[in-house]
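Note that subunit A is present in both complexes that follow, paired respectively with subunit B and with subunit C.
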Partner chain A sequence: MSAIVVEARKLSKRYKDVLALDSVDLKFEENRIYGLLGRNGAGKSTLMSILTSQAFPTSGEALVFGGSAYENDAVLSRMCFIRESQKYPDDFKPKHAFKSAALFYRNWDQDFADRLAAEFRLPVDRRIKKLSRGQLSAVGVIIGLASRAEVTFFDEPYLGLDAVARQLFYDHLVADYARHPRTIVLSSHLIDEVSMLLEHVVVIDGGRIIIDDDAENIRGSAVVVSGTAELVDGFLAGRTVLHRETLGSLASVTMEGVFSAQERREAQELGLGLSPVSLQHLIVRKTMGDAEWSAKPAEKPVDEAMEVPR
Partner chain B sequence: MGMIDDSRPIFVQIAELIENDIVDGTLAEEAQVPSTNEFAAFHRINPATAAKGVNVLVDSGILYKRRGIGMFVATGARAKLVARRTEQFFEQYVRPLTVEARKLGISPQELGGMIARAAGAAEKEAVQ
Partner chain C sequence: MSRVVAVASMQLINKWAYVGTPLLVLGGALALSLAIYAMVPTDEVKYGGGSQAPFWYFLVLGIQSMTLVFPFSQGLSISRRAFYLGTLGLFSLMAAFMTGIYLLGGVLEEATNGWGLQGYFFQLPWISDGAWYATGAFLFVAMMFMFIIGFWFATVFKRWGTNGLLIVGFGSAAVLIGAAALSTVLQWWGTIGAWFAQQTPLSISGWAALVCAVLAAGSYATLRRATP
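And now, the complex of A and B:
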């Protein structure tokens, strides 16, 4: 068990009649990459803001390195929070933002920041006000990486970044983390893009933590069983079903759990199809019920119908 | 090298990829294998996960560690892997084949003929 660097104890946040966080208990250990995943409005940003003392909880406690980060320079200089819409002074240019970061973060690597700026093709001498949305995000990403803070929070840092720039970010994150291990908390709704970078996954939905587990434990923890509805339902009797879809007499059912070798053989002999479930797919199934996953309309039921053997 | 997907534990897939390279001779015995950070960067996966995959092979004696230098393929690793895979061959390949053959009404004799033909073709290819 590694040291715990960030901890939430019974954290709740209420905005008028909306309970944005509902008694959240959470621990982040040192030198691991965490994914904070969930739908838009699930409470990801609220949680990060409170953990970094940018906002106050209605009740409960947020601890970083065992203390409160609020107006605590000893804690703040070891922690970096890159938010979706960071504000800068009006006449600031990226080079000024980097200069401030260099003063504030003791592990700041200026060479690394310069290299990243070149790779992201960031005009460091242009006023931040005049930058595009993607360039503004690049400023945050560069500060988050080059600060090498012991705890770094990235709150959906990729807004406006194109696919190439996002890949650059992920590649540098993995490579730099390997050389300089630290705790990274990455919030995202682009689960497929980040899932393989994560060691641990926290899924938040409606202000509550619904999954808090190692990514490797979650992978392979569900199966899609498909075939004629009667056979599928018979085979799955007594199992936990996350989702069920039908097409005529065929059914495609997402089941939580793992089959033994014997059960796999039985399924095979019944002519049932078994297919694995990706991390994203599983999280979608667990967080949406039958509603839409707001950020990912790409999930078409047609894909599943096609998995059904003819 | 193959692709990693997100529907099975990644450390298992990393271990399988290294095993494949040993079985087909891409990684010779006593050859050095890439570091976990190289695996992580190449496959864009978490370094701790890559390390777990490599450690599975260290624990089973397929790889061994030389302090300060890196990870190497153990002598005898290939024979060990071939023996294990031969055991799994029946469940993984032969059984699904017979299930599908029955579905299509292919008799065991016909299936045997097909296998002999495919094996003959594969042999010819290997010779060339």
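And now, the complex of A and C:
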């Protein structure tokens, strides 16, 4: 097992009447890409703020490289967290922000920053307060990537970025990570888009960690079975059903668990289709509460951003 | 230490905030003052308050340091301590530099008999009456005072939000009004007036420096738990 670089111990955060984090226990290993997934307001930004000591927990402990990051230059100099709503000094231009980052990050790669700025078509000479939402996100993404900090947090970095820019970010993240391995924590509610990048997935809902597992394990933990409703239901009798959709006499059912080779053959003989479940689909079902959904027919997911493509 | 210096250099990357704007405000105020002096049809010596213009910008600078530069410094994983020392250190340097300009301006004014207009912008009565270092100390402390007041109020805002700012604002006002009422009831005004009359620019800067030190310490204590 690799070294633990970030650890949360019984971390709780209360804002007046809201419990934003509820006794969170977490460990992030070095040189992995983590996805911190969850709905808006689930506690993703709060968790990242506390881990980087930008905010303070109500109780519990946050450790980075074995110590608290609070006022600890030895720890702070090794991490980077540009927030989704990052503020910049008045009249700063992107090039000023990059020069600033170069002062504080030992591994800062100016060429890389310049290249990224060109690819994102970021006007580095325009004042930051005049930038569009997407361009503002690009500034944060570039600082996060080019700083090459050992622990880098990205807080919904894609906001306002167009599809091309988002793909550029994902591609550069993976390529640069391969050359310069480090621990990357990516918070997102666009699960399908980032799922291919993630090695490990942490799902947070209502301030609680509800999934903390390898991305592969999660993908393998459920199967979609499709065919005529009667056959599908008969085949899945007694199984845990996460979700059921019908269209005429056809049904598509998401089942939690794994089939044996024997069961797979049976499904084939019955003419049932088996397909892997998407991470997003699975997480949407999980965060909506399994029991409630197993019995009901398909309804619209409540959060538009987590809408399952059908 | 190097990170403290880096915090200062970071705020000099864009030269406007700490160099360009203060000089521009000072230059603009000087030009306007001279234009007005030239228009006043009198042979008497003229004084103006235009040289205080940059001081109000320092108040804004103090506020922006906390509301904009501090959140950015947090994004770059800069400790609160390094941010505080670097920012206050940089402002001290700038205040010293501006004080130098004011003193030189005063010398120039003296030599040119008020820019040939009998108009004085830097050399003001009382402030410039004593030794040059007394004038310098007064100007420097006054600049620091403006910056720290802005910084301190913004720190309170960052830490406790609008409500905190209102409570502290009304609280300070209530204390001042209470002190004034007390002075009236106890008939202290004569004594207070006499005390102020005795003060020199140097002794006033001493007292103001004390207030600055208290506010600076208060800002740091508040900043220690502030969030971006």
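Things worth noting here:
In this text, the second predicted complex is superposed on the first by the 264 of 310 C-alpha atoms of A that agree within 3 Å, B and C clash if a C-alpha of one lies under 4 Å from a C-alpha of the other, contacts with A are read in each partner's own complex, and residues count from 1 in each chain.
Rule of thumb we're sticking to: contacts are C-beta pairs under 8 Å (C-beta built on N, C-alpha and C of every residue); 3 or more make two chains touch, one makes a residue touch a chain.
Quick caveat, the model's predicted, so the values are computed rather than measured.
Steric overlap between subunit B and subunit C is absent once the structures are superposed on subunit A; the two fit side by side.
After overlaying the two complexes on the shared chain, residue contacts for A:V18 are found with neither subunit B nor subunit C. Contacts of A:T52 after superposition on the shared chain: subunit C is touched, whereas subunit B is not. Of the two partner chains placed around the shared chain by superposition, subunit C is the only one that A:L103 touches, whereas subunit B remains out of contact. By the touch criterion defined above, A:A74 reaches neither subunit B nor subunit C. Judged by the touch definition given at the top, the superposed model places A:M196 against subunit B, while subunit C stays out of reach. Legend: residue contacts after superposition of the two complexes on their common chain; A:A163 is shown touching neither subunit B nor subunit C.
By the touch criterion stated above, A:A237 is placed in contact with neither subunit B nor subunit C.
On the chain A superposition, the C-alpha centres give an angle at subunit A of 150° between subunit B and subunit C, rounded to a multiple of 10. Of the two partner chains placed by the overlay, only subunit C lies in contact with A:Q86; subunit B stays clear of it. For the pair subunit B and subunit C, the least inter-chain C-alpha distance in the overlaid model is 26 Å. Common to the subunit B and subunit C contact sets on subunit A is no residue at all. Those residues of subunit A that touch subunit B in the complex are listed here as 32-33, 170-171, 174-175, 177-179, 192, 195-199, 215-216, 219-220, 261, 265, 268-269, 271, 276-281.
Across the interface of their complex, subunit C is touched by residues 49, 52, 54-56, 69, 71-73, 76-83, 86-93, 96-97, 99-101, 103-105, 140, 143, 149 of subunit A.
The part of subunit C that touches subunit A in the complex is made up of residues 3, 6, 9-11, 13-14, 16-17, 64, 67-69, 71-72, 74-82, 224-225, 227-228. Interface of subunit B with subunit A (complex): residues 4-11, 36-37, 40-41, 43-49, 52, 91, 95-96, 99, 103.
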